[in-house]
Amino acid sequence: MEQRLGGVLAGGALGFALAVTIASLATGRPLEIVENLIWVYTSPAPLVNTVLLSVPIAMAAIGLSLSYRARFITIGAEGQIVLGSVAALWATAYSGLEGSAALALALLLPALSGALYALIPFLLRAYAGASEVLTSLMLNLVAVYVTNYLIATYLREGAFVMTRIVPPELRAEWYLGLVMIVAAALSAHLLLTRTRWGLAIEVYGRAPKAAETYGYSARQVMLLVSLLSGGLAGLGGAVAMLSFQHSLTPMSFPPGYGYAGALVAWLSSNNPLAALFASLFFSSLMVFGRSLQAVGVPLSYALAAQALIVLFTLIAVARERQWQ
Amino acid sequence: MDRREFLRLAGIGAIALGAGLAGGYALGSQRAERAEAPAKKIKALWIYVGPITDVGWTAAHHEGKENVAKAFPWLEARHIEKVKEEEAKSVIEAELQRERYDAVFATSYGFKTAVKELAPKYPETKFFHCSGEWEEFKDLPNVSTYFAEFYQLYYLNGIAAGAVTETCKVGYVPAFLIPEVVRHINAFALGAIHGARLMGKCGNGDRLEIYSTRPLLSWFAPDKAKEFTAYLVDRYNVDVVAFTEDTTAVLDKAEEYYERGKKVFSFSHYNDMFTYYQRRGRTLRSHLTGQVADWTPIYRDLLLKLYAGAYVKEDIWARLGDYAPLRWRRQDSLAGRPEGSVYLAPLSDQIPAKARDEIVRLYEMMKELLFEPFTGPIRGYKIDGEGRAQESARVKVESNVRLGRDELWYMDWFHEKIISPA
Amino acid sequence: MLLLERVTVVYPNGLKANDEVTVEIRGGEILALLGENGAGKTTLAKVAAGLLRPTAGSIFLDGEEVRFESYLQALRRGIYYVSQEPQLIEGLTVLEDVGLTLELGGRGRSRGELRRELARLSAKVGLRLEPEALCEDLSAGERQRVEALKPFLLGSRIVIFDEPTTHMSPLEARALGEIMREMRREGKGIVFITHKMKEVLELADRVVVMRRGRVVGELERSRIDEARLLEMMFGEVGRAAKSKGMREPGEVLLELRDVSAAKLRRVSLRVSRGEVVGVAGVAGNGQRELFEVIAGLRRAEKGKVLLGGSDVTSKGPGERARLGLSLVPEDRLGWALVPGLDVATNVYFALNHKRFFLDWREVRRAAESALSLVPIVGSPSSRVESLSGGNMQRLVLARELFREPKVLVAMNPTAGLDHATTVTVREMIVKYSERGGVLLISEDLDELAEMADRIYVMSRGSIVGEHAKPFDLEKIAEQMVS
Amino acid sequence: MAVELLLGALVSAVPIMLAAYGEMVLERAGRVNLGVDGMMALGASVAVIVASLTSPSLGLAAGALAGALISLLYAVPVVYFRADQVVAGLALAFLSWGLADLVATLSVPLSAPIPQGSALHLSLLLLALLLPLVLWAFLYFTWAGVELRAIGYDEKAARNRGARVERTRTLSALFGGLMAGLAGAYMSLVLYQGKYFAGITSGWGWLAVGSVILGYWHPLGVALSTYAIGLVLSLRPYLEALGLGPLSVSAPYLVVILALALSSLLTRRLRLRPPTT
């Protein structure tokens, strides 16, 4: 894993260089692009935005890294995050609770709803054998539709389609998200390296037959990672709601945090600590891509560039593995 | 990956980066034009909720932005697209901290919260919120609201629909049943009755049925919009479908039916699709007319005032005739051609001449507010967010009463002829 | 026909599998390539078949130097390699499988033609074949024989069989021998890789013996004799595990009563303290299912499983482990050991402690105490996949014995191991049986005869015979294929 | 009404059908590409641009070609470098969505469409209906098809047999991209009257991936399952009229999930071996 870090860095750097190169060739304004680059990585506002944006991504990635270690390839973080933010909104703006009670509910309920939603692919896999890749993917879209429905009906506030807003006293400062993802990454790391559950995840992921032969239940391991990754993703949605979203409007597309989380988890070799940095890197790319629009680079370019970086890293990592 | 390999890759990256930057610089210096920089500059930022390639709402705003950027050398116009409403505040704030903008155009209703929170923190910057309620910002001196209103045009669409329908059934596919869309549906229904009565068909409009589907619950849902159109046509035998959705899916579906030999009509929305296609040598046969918005005159007006130092906090509700300064000098009507910030898309030949004349006549009258669609008596019934009836029909607008802005702005009832979704 | 000259193969991990090996393959004779597991036979065969490119050395085909870039090139030049696992492709029909091989080998033909030829050929070698049958429905022996038909259709001149009889009944092995003789009559050159002396004596025209990647001897048919071959193979005459004396078995520790599941049909057996009970049978006759049912990986649909007197039929593997069941699965990496983890963790995870937090010092201590039972090369912190096969099996056995189980169930525990490890493993199992019961599921009849006190014979999922010492091996072999 | 509905469902199911055929071939060769939706978007965008410059038929070809080309970015890492296929597929989806939009920003995303009922449209319909037969014949009655299936059943055994695993998989991935691109081109040129806009695929690419399993990896099964999905899509307003609320909108996705569960359960009960790894 440590050895793969070189590949990740090299691939990431190469992809990044290529992306910047294409952008400057396309616009003919390299100075402004570099200026943007410096701004994004040195100024407080974009840095704060990077942190804010990285919270849902990192929470998803940390959970997914546990899941992928157990070879449970769910891509369902997307839907779980959406449901998590809905739950947090309900807890703070609709439940009627105030103060710390509302806050506690705003963290508990999203974690719970994310975990419960993650149960569906688990049950389908464990009891019917259905591939969790596809079921979780489909469930993402279902979650978006259900949420849109909720926003337009039960959560709708006033004549127009908008929800209530998280009351100012219940909102979270940006650094709370940072604290949360650091805590989550550390706990996930400790869980993996220092507990029986972590051992079960490692053993099951690397050798499912051995795990079963020596008394680790496949279902229990899958259940564990499903609940953990779903809960973390739900929490990620909650923190996003409390720290910057504050309200919801109907979505045309899934917001993409969960998909980004899946990519980040792989980029970081399913290492929760590495996922922390990788998601910060990933969200800084988003912020950078957004800032480049001032120079006339379309946002879609940033999307393509991110994917290009992932593909480059994939190749670099895979090449390295081939040599071993 | 060993050190050497890593260094090699890093080297390739560095060289590529250097070459790219240098190449870009060379290209850039070639391209650079020596434009005389005006002494005073206005910096404006547009925030879009969708992608500029949506061929709908965002594309229309983007066109307006591009037009003013071209027209005013003193304007430095930037935009950020695909800003999720939930992220808007942090995105806009980061930009505001980087540079001092004179104007920020927030082009989605959902940016309301962001504008409300940012405006007090950046008093130097003027915020313009599109489609927001004026009341929400009445205490903020640097926030104005603007909107291009379509209900008059929907009434005219309705006349066309009532005049051409052979089944005496017309339909509507709404994105949401919010007041804006509800008044569009009602205007369309009133217009359709007017059209049928004018042509003396469908029992002088009494037998005309107006079907509304359930709301799509998304501004962008082309696949669903098409399915709902098919539903209206296949299930209820509707032959004219109007809609509120950010794409042209309903019109596309209508054209599909037309191609298959079934006459189904629809309308342009935001953009004049008829002319769009005509320039490419193709005539849309299902296209009756439609509502078009041109944000350019609004942006031009707002920015010019700003440039002249004459900013006033205002609430723009652009309707027919607004931003059409030449209208007194013309003898002929411009109905069906660009005029002002909202106008009628080209009128199809398939609309009977009598109805076309009526549309042009009312178009001109509406410009002067001599005719107003929502004039009583109108009977209707209150609906919920999904269009279900909450009461039986009763008088909603008393005889000879004209609805005011606030009643229009918060409309929550369906005209009695509208058959609401099950 | 084919000459491999001074072939050296070094694997990326530094293992020198072949060291300047020179072997000639002649037409019209059966060449036996004899050697222990790990002697480098398969590596050499893969070089000859184009599946591996040698680090050094040359290959001459009919006197002309060739360089095979791929298996396909070798195939098209008339070399056919029958790999150890008879790899028909499950999911395809026999006809499709054979046809695909011919197509890839440059001898493609239409389905109709192929169907006719198959019928003719299979009659010739006494094999009843349904061309539209799915490959996965064929028995191991049938599959091997379908593989053996292909060189005839391909017109291959050299055929390499890599340990073909591993999963075969004696009868099937005899039939394969017939096919080889048929090939010899047609003038093909046959290479027959094996570590079984008996087969060499029966079939080979010439023997090349390999040890540790080198050729250590070559004998023509007239000069083949068992003692010399053994000496060449092992360097010294192999030690045999001490045969133990008869003892009175103690209480019953493991019992199956009329167990049916998947392939198994009403299996009953008993293992008592102090005895080694063997299960003999040709591979694929339900041994794996038997192992899984005992381990708790597979539910018994009918019948009961008792462990130390208590009913564990509905208990999972973890519960059974706590009741004193130890397992040595057939596949080491993946079933018994976890790749990617170190040796210490590999010991610890199977001990199944219930403590939530791991104490790495304790993990290491557990590993060290387990490893003190059997010396292995490799530190507790080295990755388990870096161990050799022999060391892996020692590790598994050490771990399982460290748990001090009541019953040890081992499946093919010495398959693929070098001689020294085989001896160690057998000794350890026999020694352990003084304290507990052992169920030894093995395809190697000689191993069973040497170690077991009692032997059950399994065929098609049923127990078809029970034998006590002294064993009538002929009778057992007969029952195995009944 | 029923005929209209059944026919309409067919017309709108075509892109799902085409994309699913491509994905099915790749899955039969033992790999999954989750980038289908992205490749469709790219196909849609490129097709419109090229059609506006040349002709609709060339636009179709260009869309298909774009899908095939971009699928190389999946095939090379996955087939030759053995990179993780799920990540590679997801990354490809992101990349292609981005590129599709980028292409559209550079040029006007509008062209002359392919009218419904025109010869070109009918030939596309015919392709969607006949291709499964061709694929069936290819997979089961040609040796190249047998090789492809063999690779899907058991990569290692096929490789030992001399089967050209890399080549076959790369070609399958290319075919998958080609079909996805064509499917996207159909969406923009036929279904949306020669327009491209961001989000044009409406997530139908995911449905295509799901319906491959629903059709049990068999060309004829996939033809049926994709048509069934198209039908469910068309039936959504009718479901909504039944008062199913958000369930009706997500009906096609729920159908895929249910079908996945049921077919997996059945496969397990009957001890079938799915024809892919």
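Every chain is named by a letter (A, B, C and D) in the order it is written, and numbering of its residues begins at 1.
Following the convention adopted for this analysis, contacts are C-beta pairs under 8 Å (C-beta built on N, C-alpha and C of every residue); 3 or more make two chains touch, one makes a residue touch a chain.
Predicted model only: the values in this text are computed from it and were never measured.
Should one ask which of A-B and B-D has more C-beta pairs in contact, the pair is A-B. Centroids of chain B and chain C (each the mean of its C-alpha atoms) stand 74 Å apart. If you average the CA atoms of chain A and of chain B, the two centres end up 34 Å from each other.
In this assembly, the C-alpha centroid of chain B lies 34 Å from the C-alpha centroid of chain D. Chain C and chain D have Cα centroids separated by 44 Å.
Among the residues of chain D, those touching two or more other chains are numbered 101, 105, 198-199, 249.
The set of chain C residues that touch two or more partner chains is empty.
Those residues of chain B in touch with two or more other chains are numbered 50-53, 217, 220-221.
In summary, the structure contains touching chain pairs A-B, A-C, A-D, B-D, C-D. Those residues of chain D whose C-beta lies close enough to touch chain C in the complex are 141, 143, 146-147, 149-150, 152-154, 156-158, 160-164, 273, 275.
Across the interface of their complex, chain B is touched by residues 3-4, 6-7, 9-11, 13-14, 16-18, 20-31, 33-34, 39, 43-46, 48-49, 52-53, 85, 148-149, 151-153, 156, 159-162, 165, 240-241, 244-252, 255, 287, 290-291, 293-294, 298-300, 316, 319-320 of chain A.
Taken together, the chain C residues at the contact with chain D in this complex read 51, 70-72, 75, 83, 87-92, 96-97, 99-101, 103-105, 108, 111, 136. Looking at the complex, you find that chain A touches chain D at residues 73, 75, 124, 128-131, 133-135, 137-139, 141-142, 145-146, 148-150, 252-253, 259, 262-263, 266, 298, 300-308, 310-311, 314-315, 317-319, 321-322.
Across the complex, chain A meets chain C through its residues 193-199, 202-203, 206-207, 209-217.
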